[in-house]
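What follows is a pair of complexes built around chain A, which joins chain B in one and chain C in the other.
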Partner chain A sequence: MSDYSPPVEDIVFVLRHIADLESLMELDGFSQLPMDEVEGILEEAGRFMVAEVLPTDRVGDTTGAKLQADSSVAMPDGFDKAYKELVKAGWGSITFDAEWGGGGLPGTLGMAISEMLTATNMAFSLCPLLTHGAINAIEAHGSEEQKSFWLPNLVSGKWSGTMNLTEPNAGSDVGALTAKAKPEADGTYKITGQKIFITYGEHELAENIIHLVLARVEGAPPGTKGISLFIVPKFLVNADGTLGEKNAVTCLSLEEKMGIHASPTCVMEYGNSDGGATGYLIGEENQGMAQMFTMMNSARLGVGNSGIAISERVYQKSLNYAKERLQGRRPETQKGDQSPIIEHPDVKRNLLYIKSQLEAMRCLVYYNSALVDLTRFGKTQEDRTSADERAGILTPLSKAWSTDVANEIASVGIQIHGGAGYIEETGIAQHYRDIRIAAIYEGTNGIQAADLVARKLPIRNGEAMEELLLEIEKDVKENKLDDLSEPINDALSATRASNKYLLECFSELKIDAALSGATPYLELLSKLVAGWLMAKSAEIARTENYPKEFAEEKSATAEFFCKQILPTATALAPAIMAGDEILNAGINV
Partner chain B sequence: MSDYSPPVEDIVFVLRHIADLESLMELDGFSQLPMDEVEGILEEAGRFMVAEVLPTDRVGDTTGAKLQADSSVAMPDGFDKAYKELVKAGWGSITFDAEWGGGGLPGTLGMAISEMLTATNMAFSLCPLLTHGAINAIEAHGSEEQKSFWLPNLVSGKWSGTMNLTEPNAGSDVGALTAKAKPEADGTYKITGQKIFITYGEHELAENIIHLVLARVEGAPPGTKGISLFIVPKFLVNADGTLGEKNAVTCLSLEEKMGIHASPTCVMEYGNSDGGATGYLIGEENQGMAQMFTMMNSARLGVGNSGIAISERVYQKSLNYAKERLQGRRPETQKGDQSPIIEHPDVKRNLLYIKSQLEAMRCLVYYNSALVDLTRFGKTQEDRTSADERAGILTPLSKAWSTDVANEIASVGIQIHGGAGYIEETGIAQHYRDIRIAAIYEGTNGIQAADLVARKLPIRNGEAMEELLLEIEKDVKENKLDDLSEPINDALSATRASNKYLLECFSELKIDAALSGATPYLELLSKLVAGWLMAKSAEIARTENYPKEFAEEKSATAEFFCKQILPTATALAPAIMAGDEILNAGINV
Partner chain C sequence: MKIAVCVKQIPDPAEEGSLDDATKTLKREGKLILDDSDAYGVEMALQLADSAGGEVVLVSMAPNGETNGLRTALAMGAESAILVSDPALQGTDALGTAKVLAAALKTASPDLILTATESTDGYTGTVPEQIAELLEWPSVTFAKSITIDGDKVKVERQTEVGYDEVECPTPCVVSVTAGVVEPRYPSFKGIMAAKSKPLEEKTIADLGIDASQIGWEGARQEIVDVAEVPAREAGEVITDEGDAHEKIVDFLKEMKVV
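For the complex of A and B:
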């Protein structure tokens, strides 16, 4: 039996009611499909992931990617076939513009497909995820010529892409990077320097690898203002599109990581004794930081999505185990027999703890993704601006909260497996090790919290945030949302008080006091938004003629989330508003 | 630089003021030492652990224990020497009775030494930990002859011990075990059967291994009432104490685990084609379950202690990293320079989050341990009974809460290390993998919660619990405990309401409803007790002439714990009292 069954029913429910995919597809700019075709596509994609990708997951973990003596990277068995099948089936390209060979569908639908891909093999999924980011950056900032030259093969997956930001002394602090770019007479640049933590920096799944590299042009200003973005292909590409000679790009080593063993995390060297690697400037010099943010925001949502993916995988595996594993005896079980552990209340509680948060995450991330789609093709400028603001507020929540919760969920999944959970052969430990990276890369969750408090909350002096809260408040009032309104209103009040405090900190230039509350604030706001969307979901499932069992389960997951989980977030208010003095007193260095 | 410096100052503070070690040492039955000698002993023990044990930690993880073709187990480099030095120094024996060669000191002092041992190598520490459990069981239930025959070499560490409970279908459900014991004419038994997850079931660090094995004598009643406990040595021991022939005990395989790689987790086979392994009955037939509980309670406290140990290790490693790693620029830092990340409020908050909970755990576990010492040698029967009741209430908290928090702390430690945290070479990932087992073995944390709610809370219909709450309440009232009284009183009220609800559930035979709230109840009670002890600590540090810096830090960790962490536990009240219907509605199987 496969231990993963694509959760198409819940995905379609969220796409339909929370992300409003139908309205998105009606926007000029997107292709349109009837919702039952969407469901068919998702079922087909799910079947594909289970058949082609899932079998590579365990072998990928046990074998891992390996650097060869010739600096090439050998991928685990089955990865090559799975990648080729993925490209052939085109699942990676359906959300890109038809102009470059894509399907023109909303990115939100792509999130759903990506969720299933990631659930079946997280390490494998990073190759398309990074390619996606590279496409976004070239599409947003490249010249028309660059787009038509590079995008079709990236969109099809014939070539893959990478993001090269990090250097040994420039991680979260991107502005500290030192890679150099020297302009050549022909308009190209020679790139030199070392980059670390480059995901899929080297492999042979794709015919070429298009590295997007941040570097400083000689004489550029220091810090983030002097960074430029370059396209640096592994193989140079001739004017006719055929591959030319190898560029001066070398993978020096692979990191030995706790998880995602099959994802090659490379130390990359640009340039060699003969000079630099050939790179092509995107846009103008010194615009690299802003351009890279385009990639990062999309990647952050993708990382949040991986939290959903692994949580779903863990949930199903744990549910199956809890149904099959016999241990202990319930009163209703005959003497001498054992009961399935799912019948023990604490095990069942652990399962509901996972399920309710998993569904809550999916609501949040898909809703966020829909806003990103609206940012591109919303009908009016006002629509687009307002979507952009709200997407900006929600992206740190999607990234940080979903991955924090996913780590916790993976841990609860191990716990449900008991002693077997700690044995690698059982497989659940892999998810625990794999997902741990998600809270770190694409901006640590601490950076996300700082971004939320210092950049997003202050948008229009808190007005964009308040509009979100007003919408929640109105929804709670008008739709009653059952008896869930009390915990939601409590969380609303705590959030409003926090907003007031944090904005005051900024106006009084007490930046550290505000930043000290950033992490608990992110948790509170995440659970408030997720609780609201869950309460909505329950109401919709009840009123829109869904099957009784589905509606009852939605109602239960929403109730569990709002009544048992949300109050612990509301209780973070004192932590959010405690300021920085206590930190300095407690950690006296 | 060593990445671990024994935290003798805080340990001595807690031993002195929370565990009241001086009073313990005055009891008849314990040896007595002046407190400054205690401090000297701890410093000496700490130096030993850093010099002899710490160097084996990383190699233990990377090499792991390996089963050889001849069924022996090869331990990683350095383990043999470290074990021999440990035995020579006698650090494992100081808390055992002088009669068997021990130092006769309170077990609570042993916890402190064990904390440092575990911090320097958790996988290594399990060998003495399991030996400790075996000694306790033989001491409590063996005949005088058995004690004098087996204990001296176990106490010295010349021999090691194991606990053999688990079988493939009998994990948490010990009563389901099927290993058999056949009485022989000479009073011994022949033991046959397979046991799994046997920690240090085979190795050659010690000259002999004394397995304590649960098995069923032919014709015994089913379930837990038909279980007997046997001593089954790896090598039979001649009457003169010399080793005789090998017993029919074989290690069939080792588990490949996520962490504690150097701890051999064995599948053990008792008996072979020629018949069973020779075993010696402890006490009477069918008393094994109660006897095993003696071992389990001591082991559970030891596992809780490992939560402290790894948290301390993680804290120090993370603190050092945060001081050294430069990233980002603080306003006070010169342009072009980078600041140590500890200056970023979110990083500092993470450190205080670790530190305050680490100190809180140490208070709880050492206090619990002191009660266990009182259970043995308290002056009056009343003292002993009341200590036994309270130790019974606190043991599930020490085991479950400390290990849950330690898992979280290890995760926060990784987070502080950023991308480097995910790379195995950095070392912090090992702690994350190692400590994950602690929430599972010696009774999963879910079992601990059930034990608390179903066995401990109902002691004298809740009176034993209420006495604890009254003591907290009185302390808060009389000592004022600064402005920390409000969050503690809130938690007290939530606990009282929970107690009332849970006891009513039992009296109405709504067992599932009570068990559904067990895990959040354990968290609430743990944080209440820990918060109380932290508030006491802060008051003592302020009033008893401690250095200003020490007192201020204690005050800050107590305030952070009570004001920022405790309220999230108080907010669990609705989860505790939600009942089981929501679980059945949400997980509809």
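For the complex of A and C:
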């Protein structure tokens, strides 16, 4: 039996009640699909992932991607076939516009499918994830001609995509990048420079790789205002769509990493002794940073989603192990026999600690994703604007909190396995190594916290945030939270006090004081929103005719989350409001 | 060329099944899925229809109007499906199943019927030949490949030592060995398209079958006892004292593998 079975029941529950997928699918712009067929689609997708992708996970970890003498990258056994089958089955393209060959469904449903893909092999899943990013960029900012030229093959997966931001001196500080673009007479550009840490920068799973590269046009202003976005294909594409000669794009080396070994992390060189690589400008010059911002929500949500995926995988593995491993004797067990460790209260606690937070993450991220869908196709401008504001507030939570918790969950999963957990053969350690990166790339979690405090909280001077809190408060007052109102109310008060403090810091220009509390603030707000959604879930499961066992488990995970996890965040209020003095006193710069 | 494929819908083997204490049969109340064994027949039929032209129709008998497994096969590319479902079918044995399937197959008037050699859950491996007998058609078993040649089929028929090449006039029944082709995955687009494909549900009355031939009453097969699977025995360890290769060869001979 495989060690992962797609959690379709909980996914469908969250899609139905928390993300309200049904209403999303009724919006003009999305394809229609009756809600009762969603489950069948997810089951079929899940079956595919388990049969085709899951078997590549271990071999990917042990072999890794390898750079060959000719600068090509050899992928581990099974990847080529899994990728081809994925393209054939079309699971990567269901959320893209039908015009480009996609299924036209909401991104939130795509989230569910990519959760299962990532759970079965995180390193593999990054190839479609990055392609997704490239598609979003071209779709949002490319010309009509660029869209019809590049998108169909990217949407089908025949070609893959990458995102090239990072350089040795430009990581979190994207504005420091130095890659150059020189305009040519024919309207194209010659791109030169080096990019590092480029995920799936080179491989042969797809026939062509479409690199999206941030670079500076000669004479552009310094910093983020002088960055432009280019399409730079690995192979130039002829006007009739056939592949032409190789562009001046080379993978110089692959990084040796802690995890996601099968994902090639490349040092990419654009241009060579003969000149630059041919690139095509997207939109206008110097708009690159603004263009990246419009895609930020969905890219960051994608990474937050990997937190759910790995947590689910870890949970199922740990649960199975705890049922089988015999150690110690419970009072009800005969003398001379040993009990399965799942019967020990501390092991049960560890399992529930994982399960309750995993479900909470799924609520938060899927809810957030639904807001991103509403931002695109909400009925009125007002709907779209308010969805955009709220999605902006929640995205740093989905990205940072989910991946921080997933790291902790992977560690607890190892703990449940005892000594065996530390031994590679058991397989659980891979998830711990794999998920570590999710807290770093796509904007480190520290950057997420800063974004939340410095950009999102101040939207309309805190009004957008307050509207979210009022919605939570309304459910508390109307008793819609399955008897879990009290801890939620406490967290609500702590959040309000923190908001007041942080906004005052900004108005008094004590920016460092506000930033000093950013990370604990992100944790508080994340747990409050997730706790609210979990309490709602429990109420719905109890009152809406769900099987008794499902409702009871939901009620238990919600209660554990709200009564045992949420208060740890409520207690962070003093840390949020401590200011920067203690940091300055404790750490000498 | 019209190719009918018999597909059985069974409880998911990945989930722990349970037996009904009274009848000693497998409980089938939950959702049923396409038997993996039959996915090979479906794939083979789709490939034949692709190369020789024609259409693929599915036939299944299952409790509670179950269509989940049929939807999977429709999403793979079959054109239409016939489902026989009727409360009176409860307790039907392999021969009764063959009678029902034969009657349903007649309504589709195919040129070729494909089945698996045996199902995953029942695995009596008798239904295909019973269908052939009831239709008075020839039958070929254990096919590893099939080609259509005018009004006959050429079949490579797997044997213990290799394969036989046989020819058989159509219409006929051919059972397909598991693992001989790689079944395609239902694609997202295939699943969406499957929703609007014809799926006809029939009762035994529709097929004109006498209730005494089926169900518990008609069953000539009875499960008298069930026993636990014996625990797996410890393996034999061979220590190499220079003659390990001989011991391994002897062991394989004993197992009749070489």
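We take it that the second predicted complex is superposed on the first by the 585 of 589 C-alpha atoms of A that agree within 3 Å, B and C clash if a C-alpha of one lies under 4 Å from a C-alpha of the other, contacts with A are read in each partner's own complex, and residues count from 1 in each chain.
We take it that a residue touches a chain if its C-beta (ideal position, glycine included) is under 8 Å from a C-beta of that chain, and two chains touch if they have at least 3 such contacts.
It should be emphasised that the depicted structure is a prediction, and the values quoted were computed from it without experimental measurement.
Once the two complexes are laid over each other on the shared chain, residue contacts for A:Gln338 go to chain B alone; chain C is not touched. Of the two partner chains placed by superposition, A:Ala290 touches none, neither chain B nor chain C. In the superposition on chain A, contact is made by A:Glu44 with chain C only, not with chain B.
Partner contacting the larger number of chain A residues, of chain B and chain C: B. By the touch criterion defined above, A:Leu27 reaches neither chain B nor chain C.
With both structures placed on the common chain, the touch criterion links A:Ile459 to neither chain B nor chain C.
No residue of chain A lies at the contact with chain B in one complex and also at the contact with chain C in the other. Every residue of chain C that touches chain A in the complex is listed here, in rising order: 14, 68, 71-72, 75, 184-189, 191-192, 195.
Taken together, the chain B residues at the contact with chain A in this complex read 166, 169, 171-173, 176, 197, 222, 255-259, 319, 323, 326-329, 331, 335-336, 338, 342, 344-352, 355-356, 407, 411, 414-415, 418-419, 421-425, 429, 432-433, 436-437, 439-441, 444-446, 449-450, 487, 511-512, 515-516, 518-520, 549, 552-553, 555-557, 559-560, 563-565, 567-568, 570-572, 574-575, 578, 580, 582-589. Residue ranges on chain A touching chain C, taken from their complex, read 1-2, 5, 37, 40-41, 44-45, 47-48, 51-52, 85, 88-91, 93-94, 103.
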